[in-house]
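Presented below are the structures under discussion, each in the form of structure tokens.
Both complexes below contain chain A, partnered by chain B and then by chain C.
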Partner chain A sequence: MRITQGTFSFLPDLTDDQIKAQVAYCQGNGWAVNIEFTDDPHPRNTYWDMWGNPMFDLKDPAAVMYELGECRKVHGGRGYIRISAFDASPGWESLRLSFITDRPTEEPGFALERQEGEGRSLRYTTRAYAANKPAGERY
Partner chain B sequence: MNIATPPPQRSGRYDAGVMKYKDMGYFDLDYQPKDTDILACFRITPQEGVDADEAAAAVAGESSTATWTVVWTDRLTACDKYRAKCYRVDPVPGAEGQYFAYIAYDLDLFEPNSIVNLSASIIGNVFGFKPLKALRLEDMRLPVAYVKTYDGPPTGVVVERERLDKFGRPLLGATVKPKLGLSGRNYGRVVYEALKGGLDFTKDDENINSQPFMHWRDRFLYCMEAVNRAQAMTGEVKGTYLNVSAGDMEQIYERAEFAKQLGSVIIMIDLVIGYSAIQSIAKWARRNDMILHLHRAGHSTYTRQKTHGVSFRVIAKWMRLAGVDHIHAGTVVGKLEGDPATTRGYYDICREPYNPQALQNGLFFDQDWASLRRMMPVASGGIHAGQMHQLLHHLGEDCVLQFGGGTIGHPMGIQAGAIANRVALEAMILARNEGRDYMAEGPDILAAAARSCTPLAQALEVWKDVTFNYASTDTPDFVPTATAA
Partner chain C sequence: MPDAAPTSAIDLEATFEASGVGPVLEQLDRELVGLRPVKRRIREVAALLLVDKLRRDLGLHAGQPTLHMSFTGNPGTGKTTVAARMADILHRLGYVRSNHLVSVTRDDLVGQYIGHTAPKTKEILKKAMGGVLFIDEAYYLYRPENERDYGQEAIEILLQVMENRREDLVVILAGYADRMDRFFLSNPGFRSRVAHHIDFPDYGAEELMAIAELMLAGQSYRFSPAARDAFGRYLEARMRQPHFANARSVRNALDRARLRQAVRLFESRGRAITAEDLMTIGPEEILASRVLADGAAGQGQAA
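Up next is the complex of A and B:
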């Protein structure tokens, strides 16, 4: 399967040039670009681990690409990496863009567990197959 | 001509009998509206021979304290404060016999936090008033002091995006079709295919409630199975707007509670449930972390014709106060009424923290939303993947694009239809962010994306010639004029 979180997951994996163009767009809008990684891609896992702080004052996409390269050296192929852009303007103060740049070669996906309840109601649990293993050994 | 015939001799303002509305204190061109006044702009079409100023004063009178004759009991009140005042009358450009009447209402005329009270005053009696051929409420300015009495949308655009973990692109939806007749099990199949294919939401239609072919509980149960399955298949948060509209508030609450219990992230209501019911379910949604979708069922009966009724921009303003998160606001390019400039005005009302006056978009007043959350406008009705560049251009990225036929009608099936829409959307956003002129290059961008996506290629082929080019009935009266730099 292919996890389709993030803005561009339905397109072929972005090249570094394409990633850089998106980073330039974000910086041009005054947004802080942030790199995050995880090996727990549950759809409601909000807090991926941060690769350093959001790059608030950076205006050069090449610097973000350097950091992405460093992050890949450690986490590439062993989980997911995403880039997000944070907008601190009043009334927004949240993300404006978020897309996956790296994913593991094998994505085993999720099991859906159903617990039968009263009447015909069901309680659903989504569980990543990879999450059966301890963090750090999943992909 | 006067609206009613006054007696020949009157010595005082409060003598029994009939007098002109203009002379009763409802007309004052020198009046300076206060920051706390509620302002309304009406389009009035007086009957033959009725003076426009007198007609405008009558609208002010009949929508505030006046009745057709003088009453001495006015003198028991601070009557001048409670009289609405028409402070400006302009002829409508290019429309003979029509006038814009601007009327100011003191804040104390209104109960806080009640759309029912606001609408009962402003559009209560006056729309049937005989001396007018037609009357339309074009726009309102709601003062900050009044806006602050409302809770507004329970979730808002930003928190909705955070909850769904979806940023930087319009959300994608589809209304399940055929809208009537599917059993719960079959209905859930459409939901599953569309969500698995790549849509974020599916939607009940406005008239799917609890009919002989499908009980509402059945629909909810099968839909949530579909949502959860699709979520596990994609690793992405999904939702389906479960329509909780019903014949009474008790049933609406019962359906909403069941949706919550099943873990739905969103419910929907129809505009026809009424303003009190909308404010009630908005409160419930806020208490229960539920996104609230509003289908504007019925609005065209009074919003579409230019001379009579209530403009949709007013309904949109009332709904932002009443508190819904999603509201259908037009597509520009689809099958339903929607001039681009007018639709832009609606979208701005939904999404902006402040609306400056923009006559070319039908916005007659500055409107400060006082940090009230934003509504997500929904574009639905006769749109397809081949229009993606136009949709993004006209509607921007904070909206829901709702492709019903444009998903389910795909020649290779529902999932293929969903894939086509999502790929077209992501390709367009990628291109826009790269700085490309995506409006001009739109068809090329789509064609390039279709080379690695057969479902998109098929969608572009099937719907390539489908457009809905009809003149709009509701268009702005003002065109921007170039000013010398």
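Up next is the complex of A and C:
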């Protein structure tokens, strides 16, 4: 099941040139771009791991693409990678754009679990099949 | 070969006009005195890039030329100034994507402990991507007397990036001629990866005078005719002295002349001062210099 989080996630995966153009757009607006990765696909998992430092003062998308390439060498095909752009102009860093650039070759999707509560009440929870395995061995 | 290529005439002039390079080259001519070999090389590079652009438009093969440069020359011959312009020129020519210049020295590239250098160098390289990286006094990167010096690591990363990511950044190395030569001798990889070795010649007396007048004009000052003559004599005397640093010495001399002019005006504050007085450097400011007082025998630092 294809994970749809962030911008562009209903579109086909972006090509490198398209990613580069998006990064150039972010940098043109003065936003800091950073790269994050995770292997926990749950939609409520908002805290992904950062790849390196946020790239505050870079002027050119080539540098971000270089870091993305380095990140792919380690995590490509074995998890999700996303690019986020933060705008500091309000006085704090606020997220302006976030999109997934890489996803695992196979996304097994989620199981719906029902927990029976008091009376006839039911609580639902989703659980990623991938998350059944320990972190680092999921994809 | 594409069909359109062979017959139709190509309008080089129109491409030149459209590129906006002309004004940049004119500005270079106007604002930089002398430096003929440097200007010629910049013209050559501009011509090559323009022709490459035309070839690409016609679908002919046009490889990305290597534009890494090395600027060598004595102190004060304009290496840093030209490097700052270079980013602008290459940007107008469409060779680099932005006109930003990242200017670094050894301290910015080389770390203090094991494992510190590589991230530091990479960080700088990433910052410079899309523009020009200017490494001033590049020979300090290589310290042969200390074989465990981390400079070597920075050099290796630099070389790798200069080779593999030519389309992403242009590296300009600068330094004094003799030391750069030694640096290139001990790092042959560098020598071959730098396509343009540009030597900055020393300035002649008239060129230094022109520089002085440009500098003064930039700060809304000017020489009185007598001061101009005195400065000509000053330059002659100063050029014979040791530690003469071309345009830098001129700038320092002018700074000191401005100080003396301010003191002279301040001490004569009894009488009215005109705007003309505020703008003019008189001969007494120049003649007060120790260089002229001591004549050709003057040694050590000029005052």
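Simple rule for what comes next: the second predicted complex is superposed on the first by the 134 of 139 C-alpha atoms of A that agree within 3 Å, B and C clash if a C-alpha of one lies under 4 Å from a C-alpha of the other, contacts with A are read in each partner's own complex, and residues count from 1 in each chain.
Operating definition for what follows: a residue touches a chain if its C-beta (ideal position, glycine included) is under 8 Å from a C-beta of that chain, and two chains touch if they have at least 3 such contacts.
Fair warning: this is a prediction, and the values are worked out from it, not measured in the lab.
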item: Chain A as common anchor, with chain B and chain C clashing or fitting; value: fit
item: Which superposed partner A:94 touches (first chain B, second chain C, both, neither); value: first
item: Which superposed partner A:136 touches (first chain B, second chain C, both, neither); value: neither
item: After the two structures are overlaid on chain A, angle v-u-w for chain B, chain A, chain C in degrees (C-alpha centres, nearest 10); value: 100
item: Chain B versus chain C as contact partner of A:25, first or second or both or neither; value: first
item: Chain B versus chain C, judged by how many residues of chain A each one touches; value: B
item: Which of chain B and chain C A:67 touches, first, second, both or neither; value: second
item: A:5 touches, of chain B and chain C: first, second, both or neither?; value: first
item: Which of chain B and chain C A:59 touches, first, second, both or neither; value: second
item: Smallest separation of CA atoms, chain C relative to chain B, angstrom; value: 16
item: For the chain A and chain C complex, residues of the former touching the latter; value: 55, 57-63, 66-67
item: In the complex with chain B, residue positions of chain A that touch it; value: 1, 3-5, 7-12, 14, 18, 21-22, 25, 41-44, 46, 84-85, 90-99, 109-112, 120-124, 126, 128
item: Chain A contact footprint on chain B (complex, rising order); value: 158, 161-162, 165-169, 198, 221, 224-225, 228-229, 231-237, 261-263, 353, 371, 374, 419, 422-423, 426-427, 429-430, 433-435, 449, 452
item: Residues of chain C touching chain A in the complex; value: 97-98, 100, 125-127, 129-131, 165, 168-169
